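Two complexes are shown next, each including chain A; its partner changes from chain B in the first to chain C in the second.
Take a look at the complex of A and B:
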């Protein structure tokens, strides 16, 4: 059955012009302003406000689903010394905070916090802050409880270009150090040369141990090198 | 034979007027903010703005006339101020100072127009065109209101008008002059450049109108000019219709009362277009002005 379009009569929506009625606006002069005085008052963001990311390093399997779904291509996989799998590195210069990466993460390693404040100066070393491998959600929660102002949990990021060592200076003064070996899905070239250790690694993969010695580390890499291209082919 | 007392008084009044003018501008911003349910800036904000503008490193100049315009406008405002009886100080006086003040208050707009035109910006040209048309349109009711006032009191001297009002009661208590006051108040809105007639600057419409090119120290000068102008105009209103004042505090209260009416009108009515404004000025205020003049005859 087709319904006729309902049209409200024009005489019902047309307002009568008046010189007197605008004076009703004056009544707000004596009412309390609705302003939130920001430096003195706080507003709580919504409980699931889409803010900065958190990453559970133990859960992340380096599948790069997040990197593939990211509409801004802000996620780049990063090889970190001591980790068998690459971890996502989020670039907040490009991130749109759509949190598709969080929805798509199969292991639930990538999450987000309500923190939304991030301001820096314009210097090159200040801008390092916008590019990070997210830290553990527990740590972020802890920092939130301590400060409660929804700022970025890291105060300063130092990236040493020679040693490729990254230091996060967290807001409570603790330092968080790790070393970036390379970027992308393929294991970094620095870890490649040592094919001799290959069979040994294949037979005994050790998923539980994170902080392994450097000697063991390169041994594991080639195994992943074999796996990764396959995974890529499947996805694409 | 230098009249030291006169010079000191002039400087004192000038400093007081500038400071109070800035405070009036602050009150304007604060009250408008409150009507829009905002907190608004602190009351001394225009003063800070002006100091900041004075601290600018560079200011663009487009030649001598461009620099001269704001100075000319400020000078005219100060000259108008010195002719108005501020409480018990009236520094200069002539036999027809009502006319002198009435037209000295118009001159600053010409000064701004002069400077703005020399910048060669099309926005300022448009602003100047609108400003001059507004000036032409508002002269008729303005003149009629003043004629009604002069006819009733029978004098052109401001000090005599104040004295007569203190004898016979305020001007607005006379019905004919009440009508004249309404006319003057409408014109006053245009003189201050406030909302229904803020066609000249028209924020967000023709970016800033005549002042679009002014920045740095020129803009600071224009801010100061606006402060002095605001003080002079409110004082002029208080002297003509609210019976003047015997001390500065009384004058201040009357000035603020006048200012608040202007703010209320400004914050509730939207802007006229220039053709509507000209039509409006030649219709209702003119009719009311003619009635006022006829009643005082």
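Take a look at the complex of A and C:
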């Protein structure tokens, strides 16, 4: 039977054995070695290297598209005090950095940065660092410009299990605080009475605003969104 | 039925809905299918597209058919199994490759889910031994005549559980092994949204 493929003759690919030829490798002894001396030299990741996420809290509408597409099930929607919609929380213990979630995000809220260094010790409180609600891209960019070493923008994450308060100690020394009310798609039942009670304790003008927003939940989303993140910024 | 009609509209090649003598295109694939069907009238065959043909064979005659097909299709590339839970059947797809013609063939056969038994094809392609062990381990299909249908890839505690069957609940099995909650962090990611 005629073979459809073209076949190269064996005499062309078969090499003669040689005693001398392996010694030709010695020529590299005198050439500059191809290596990067990591602590002293830097490597620049590609401009769209898939690294840690960034999340624009003003844009995220809590649709959970990112949570649905995630092949590693690394995203859990998180209800944050002061936010009307849940935001994704990314677990880097599971994340494969495929960035499907970034592509699927309908509002472009979820993005990614080139940062890729993240090392911790093995203690439980160190490991909290691998589980975060990504912060604003602007902030990450700022930190990158300042340090330029592509490390995780947060140095330490403290999670208080009683009060459920999370504190991000960013690399430039600022703190970023918020409170987690619950997880999942449904608004946390336990948290419902809280928003009414909490702001009363903290700030005076807020409660009215909150209650308004609560009653008119489905009606006016855009205005709410604009209001809420501002509060976040202030905290920051 | 509906599907078939659609296909007819799109492709004249496949012609005539269902059954027995679909007119085969006058190509290398078409002739190949015709040649085999002449010798094996019990099978159904058609041409999917260029270099891709398909046969449907009743399970009791699969060995006979494959032996016949092995004249033209020298290589067995894979035995893949599909679990059709609603129909209560396993579908075995023997993927054959014809080195001389450059044609890929799918030979499909169906066996009932309970007590699925098939003759081994090791005597035709020795490599079938491995593929059959895999199908045995993951789906519990018994290939009569294969001497090595024992523990293969899975750990001992997973053996005989047939994890790729559709009625095997992976998540609940994982929970019995690693505990209810295998997340380090506060929330639990053990529920699946989709």
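Note that the second predicted complex is superposed on the first by the 188 of 236 C-alpha atoms of A that agree within 3 Å, B and C clash if a C-alpha of one lies under 4 Å from a C-alpha of the other, contacts with A are read in each partner's own complex, and residues count from 1 in each chain.
Methods note: a residue touches a chain if its C-beta (ideal position, glycine included) is under 8 Å from a C-beta of that chain, and two chains touch if they have at least 3 such contacts.
The shown structure was predicted, so the numbers you read here are calculated from the model rather than taken from an experiment.
Trainee: A:131 in the overlay: touching chain B, chain C, both, or neither? Say first, second, both or neither.
Mentor: second
Trainee: Check whether A:40 is in contact with chain B, with chain C, with both or with neither, and answer first, second, both or neither.
Mentor: A:40: touches no partner chain.
Trainee: Scan A:28 for contacts with chain B and chain C and give back first, second, both or neither.
Mentor: A:28: touches chain B, not chain C.
Trainee: Looking only at contacts as defined up top, I'd like to know whether chain B or chain C touches more of chain A.
Mentor: Here the partner covering more residues of chain A is C.
Trainee: Jot down the residues of chain A that show up as touching in both complexes, chain B in one and chain C in the other.
Mentor: Common interface on chain A, chain B vs chain C: nothing in common.
Trainee: Show which residues of chain B lie in contact with chain A when the two form their complex.
Mentor: Contact set of chain B toward chain A: 31, 33-40, 264, 267-269.
Trainee: Considering the complex alone, what residue numbers of chain A touch chain C?
Mentor: Of all residues in chain A, those touching chain C are 1, 3-4, 64, 67-68, 73-74, 76, 78, 89, 91, 93-94, 127-128, 131, 159, 161, 180, 183-185.
Trainee: Touching residues of chain A toward chain B in the complex: what are they?
Mentor: 22-23, 25-26, 28-29, 31, 33-35, 37
Trainee: Inside the complex, what are the residues of chain C that reach chain A?
Mentor: Contact set of chain C toward chain A: 100, 102, 183-189, 192-194.
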